[in-house]
Amino acid sequence: MEPFSHLDDLGHPRMVDVGGKERTAREALAEGVVLLPQTIRDALFSGTTDKGDVMKVAEVAGIMAAKKASELIPLCHNISLDKVEIHCELLPKENRIKITCNAASKGVTGVEMEALTGVMAAALTVYDMCKGIDKGMVIQNVRLLHKIGGKSGDYRVSEEEHE
Amino acid sequence: MEPFSHLDDLGHPRMVDVGGKERTAREALAEGVVLLPQTIRDALFSGTTDKGDVMKVAEVAGIMAAKKASELIPLCHNISLDKVEIHCELLPKENRIKITCNAASKGVTGVEMEALTGVMAAALTVYDMCKGIDKGMVIQNVRLLHKIGGKSGDYRVSEEEHE
Amino acid sequence: MEPFSHLDDLGHPRMVDVGGKERTAREALAEGVVLLPQTIRDALFSGTTDKGDVMKVAEVAGIMAAKKASELIPLCHNISLDKVEIHCELLPKENRIKITCNAASKGVTGVEMEALTGVMAAALTVYDMCKGIDKGMVIQNVRLLHKIGGKSGDYRVSEEEHE
Amino acid sequence: MEPFSHLDDLGHPRMVDVGGKERTAREALAEGVVLLPQTIRDALFSGTTDKGDVMKVAEVAGIMAAKKASELIPLCHNISLDKVEIHCELLPKENRIKITCNAASKGVTGVEMEALTGVMAAALTVYDMCKGIDKGMVIQNVRLLHKIGGKSGDYRVSEEEHE
Amino acid sequence: MEPFSHLDDLGHPRMVDVGGKERTAREALAEGVVLLPQTIRDALFSGTTDKGDVMKVAEVAGIMAAKKASELIPLCHNISLDKVEIHCELLPKENRIKITCNAASKGVTGVEMEALTGVMAAALTVYDMCKGIDKGMVIQNVRLLHKIGGKSGDYRVSEEEHE
Amino acid sequence: MEPFSHLDDLGHPRMVDVGGKERTAREALAEGVVLLPQTIRDALFSGTTDKGDVMKVAEVAGIMAAKKASELIPLCHNISLDKVEIHCELLPKENRIKITCNAASKGVTGVEMEALTGVMAAALTVYDMCKGIDKGMVIQNVRLLHKIGGKSGDYRVSEEEHE
C-alpha cells in the first residue's frame, strides 16, 4: 500500500477523496516562534510606538492566511472555517515572539494546515515589519500542538517534544 | 525616530514609500528545514512511489507562493519577480528535508519576503503530504541566508548562526 | 462584557467561533449609489455605445467581489454563497446609478458583508469606467437594507433612514 | 468619438492600452466615512478594549485591498504600488469614522482606483467589526480628493463639494 | 421562458439561486488534449530530465486551478471540493498529451466547471513549459465526458462525439 | 543541454531568470472556439435576452483571467499588463463562438500565456452560462496566432495550420 495518500499508485498528485468521510467538529492548534536579535528586541521596547502594533498586524495577517491555506498548499481541501484565533506574544526575556493559531471547522477534513498557515503568515509578517532593523531573525519550531476530531482521532504533541 | 518603518508616528500601519528608491538588481536566498519523524522518513524510502514526487509538489507550491508574498504579508510591496528557484532536498541521514528558495527582481524593494514565503509554502506542503503518516513534523530554522542589492547593501547570515 | 465580538478580552482580533450556531437560510440586501457629474450623465446618453455596457461590467464585478468578501475583510468567514443578484440602474433624472445586491446562503453566518462588498465593487467599477470623463463621482449611501435569518433575526432599515 | 475608453466601438469591454503612456510619478488621495449609530459610538468608548483596535484592523484591510484593486475592478490595470497609507480616524462628536487612503506608484496608469479600493475595504471592515452591535451604519462620501501625475494632470476636488 | 438561467428577464447577469436544491453527491469528468509539434515531442524524449516532470507540474496546476474555478468564472458558485484527480498522459505515437480531470463534491451545484478548469490550467501549464521549444501547440477537445448527481441527472458524452 | 528551461538539470521546476533580458514591447494574440450544440445555438437566437449578454460576461471574465495568468500557471512570471482586448463573436452559421484575446506589455517576458488564459476563461464562462441547456459544448483550437517582441522574435501561426 502506498503510504502517501496524496499520490496515487502511479505517483500522480491528487486531492484525496473526502466525500465518504463523516462531518465532525475539527479543531487544531499550531505554534511557532520568531527569534529576535537583540537589536529588534530593544527596538520593540524603545519606540514611541506601541509595540503591540507589530503584533496586531501579524495577527490580522495570520487570520487572513488561514483562510487561504488551500490556495497555497496544492492538495489541501478548500473549506469554510468556523473560527480562527491567533495570538502573537512578545516574550521579552527570551528575545522571541511566540505565535499560536487555533482553527476550527465542522467538516470532513482536518484544519491542521489552516492553523499552521496562520502561524507561518504571522511569523513572516513579523519578519517583514522588523527586517529594516535586523535581518537575523529565525522562524523556529512551527508545528502542530493539538488536534481534535476526524477518523484519526485526537493528537497531542508528546511532552518530550514540547519543551 | 521610530525604528519600525512600517508604522507611522501614530502607530498606523503603512506600506512604506519606495518611490524614491533606486531600481537595482535584488536577490535573496532563504532556507528552512522540515524535521521528519522516523515513520515518515521510512515511508519516503519504502513506497512504490518515487519519493521525489512529494518534493516536486512542494517545489511547485513554493514557487507559486513566492509570487503571492504580497497577498499574505500586509505591508509587503507587490512586485514582479524575475526568478524563483527552489530546492527541496531529502537528507536521509538527518531525517529532514532541506528547502532553499532563491528569488530575484530588478526593482525598488528587496525580495527577502518572497524567498522566505517560498520556503514556508514548500514546508507546509511537505507537512500536508506527509501528515497522514505522522503529525510530529517540525518546521525549523526558516531564515534569510543571503541578500544582494538595495540601499542596505548585501547581507549574509553570520557563520556562527549558520551551523 | 466586551461589545466587539471580533476582539477578545485582550484586544486580539479573531474570527469568531460560529461552530455552535445553527444553519439557517440567510439573505441580505444592500444598496449604494454613484452620484454622476453632468458630464458623465450626458456621456452615458450621447455615446454610440449601449449605456448598459458600463452597468453590465459593474454587475459582473459585483458578483465576483461578493464571492471574495472574506478575502478583503479580515475577520469575515469564508462561506459558500447560494445566490448573488445585483442590479445597476441608471436613474437619469437624478444623475445617479443605483446599485442593489442581494446575496443568500444556507449557513451559520450572515451574508451582509457579501452583499455590501458586491455593491462596493460595482460602484468602484462604475467609477473606473467613467473616470476618464470626470473624476468628480461620489459613492454614497452604501448600507444594508434588509437581512433575513440567523440568531439576531430579521433586520430592515428604518423608514426615516430610507428616504 | 466614444467617450468611454473602456469600451471599444462595438461595446466590447477592454483594458485600455497604456503601452504608449509615459512613466510618471502618480499619487492619489481618496476618502470616505462610516456613519455610526449612537449604540456603536458608545460601545467604542465604553469597551475595555482599546477602541483603536477596530481602526487598526480596518487599516490593514485597506492596505491589503489597495494591492488587490485590479482583481476586483475588471478593467483596472495590475500595477506595482510604491506606497499605501491609510488612516481611520474616529470623530466622536460627529459619530463617524473618517477614512483616508493615499497611494502612489511610478508608472503609466493612475492609482485612483487603488486609493478608493483601500477606503472601501477599510469601511467594510469597520462595518463587519461593529455590525454585531448595530447594522444601521452607512458608508458615505467615498470619493477622490486629489490626484497627481499622468497626462490628465492634477485633480483636486472642488471646494464646494468638499464641505 | 428565458433559457439562460444566468441572466434574469432584463439580461442582468446573476449567480442563480441554488438554495432550494438538494445536497447530492456530484462528480464530473472532463478531458482535453494538447497537440504537440514534433519538435516538442522529440524534446520530451531526448532530454536528460524525466519527461514526467512537465506532466507533474501541470497536474499540480490543474488541481490548484480546479479550486479556483469560481474566481475565474463569474457566475460559478464557490464550493468546497471533496476530490480532484488529474492525469496528464503523454501519448507519444499521437504526438499529444491527454489530460483528464475528475472532481467531486457533496453539494447543491455540479462540479463540471471545476473539472473543466482543471483541464484548462493543466493544458496551459504544458503550453507554458514547452513554448520555449515551439509555440505551435494547440489545445483541443476540452469537454465534459461524464457527470453524476443533481437534478438534471447523469450525463455522458455520446459515443459518436467521443472518438 | 536541457531543452526545457522551466526545469533545471536535476528536474526541479523553476521560474526562469529573466533579469538579464531586455525590456521590449511584447504583444500576443490567441484564439479559441466553443462549438455549440444546435440547442444552444437556437436558444441564443430565441431568447428575449440580448444574446450579446452571454458574450459580454465571457469577455469580462477573459480580461480578468488574463491578469491572473501567473496565479494559475506555476512557472509563469507575474507581470503588469499594458492592454487586454478580447472579443467573443457568435458565428451563427458555424454554430460556434469564436474568442480572440490580445494582450500587451512592455517587459522582459512574453504575454502569450496571458492571452491564452484570457481565451480559456472566456470559453469556460460561455460553457458555464450555456450548460443548463446542453452540456455537449466543446472548446477547440486554443492556440497562439501571433506574437511580437522578445529575443525569440515574432511568431505567426503558419497558414496551413490556420484553416
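Which chain is which? They are A, B, C, D, E and F, in the order written, and residues in each are numbered from 1.
Just so we're on the same page, a contact is a pair of C-beta atoms (placed from the backbone, for glycine too) under 8 Å apart; a residue touches a chain by one contact, two chains touch by 3 or more.
By chain, with names taken from UniProt: A, B, C, D, E, F = Cyclic pyranopterin monophosphate synthase.
From a predicted model like this one, the values you see are computed outputs, not experimental measurements.
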{"item": "Where chain C and chain D overlap in contact partners, by chain label", "value": "A, F"}
{"item": "Topological distance between chain B and chain E, in contact steps", "value": "1"}
{"item": "Longest centre-to-centre distance from chain E, chain (CA-based)", "value": "D"}
{"item": "Label of the chain whose CA centroid is most distant from the centroid of chain C", "value": "B"}
{"item": "Distance from chain D to chain A - Cα centre to Cα centre, in angstrom", "value": "31"}
{"item": "Sequence positions of chain F contacting 2 or more other chains", "value": "11, 13, 53, 56-57, 60-61, 64, 68, 71, 74-75, 80"}
{"item": "Overall pattern in which the protein chains touch one another (line/ring/star/complete/other)", "value": "other"}
{"item": "Chains that touch, pairwise", "value": "A-B, A-C, A-D, A-E, B-D, B-E, B-F, C-D, C-E, C-F, D-F, E-F"}
{"item": "Chain F - residues contacting chain B, complex", "value": "8, 11-19, 70-71, 74-75, 77-80, 107-108"}
{"item": "Of all residues in chain B, those that touch chain A in their complex", "value": "2-7, 9, 11, 13, 32, 43, 46-50, 53-54, 57, 60-61, 64-65, 68-69, 71-76, 112-113, 116-117, 120-121, 123-125, 127-133, 135-144, 147, 152, 155, 157-158, 161"}
{"item": "Complex contact set, residues of chain E against chain B", "value": "53, 56-57, 60-61, 64"}
{"item": "Residue ranges of chain C touching chain E (in the complex, touch as defined)", "value": "25, 52, 56, 59-60, 63-64, 66-68, 80-87, 104-106"}
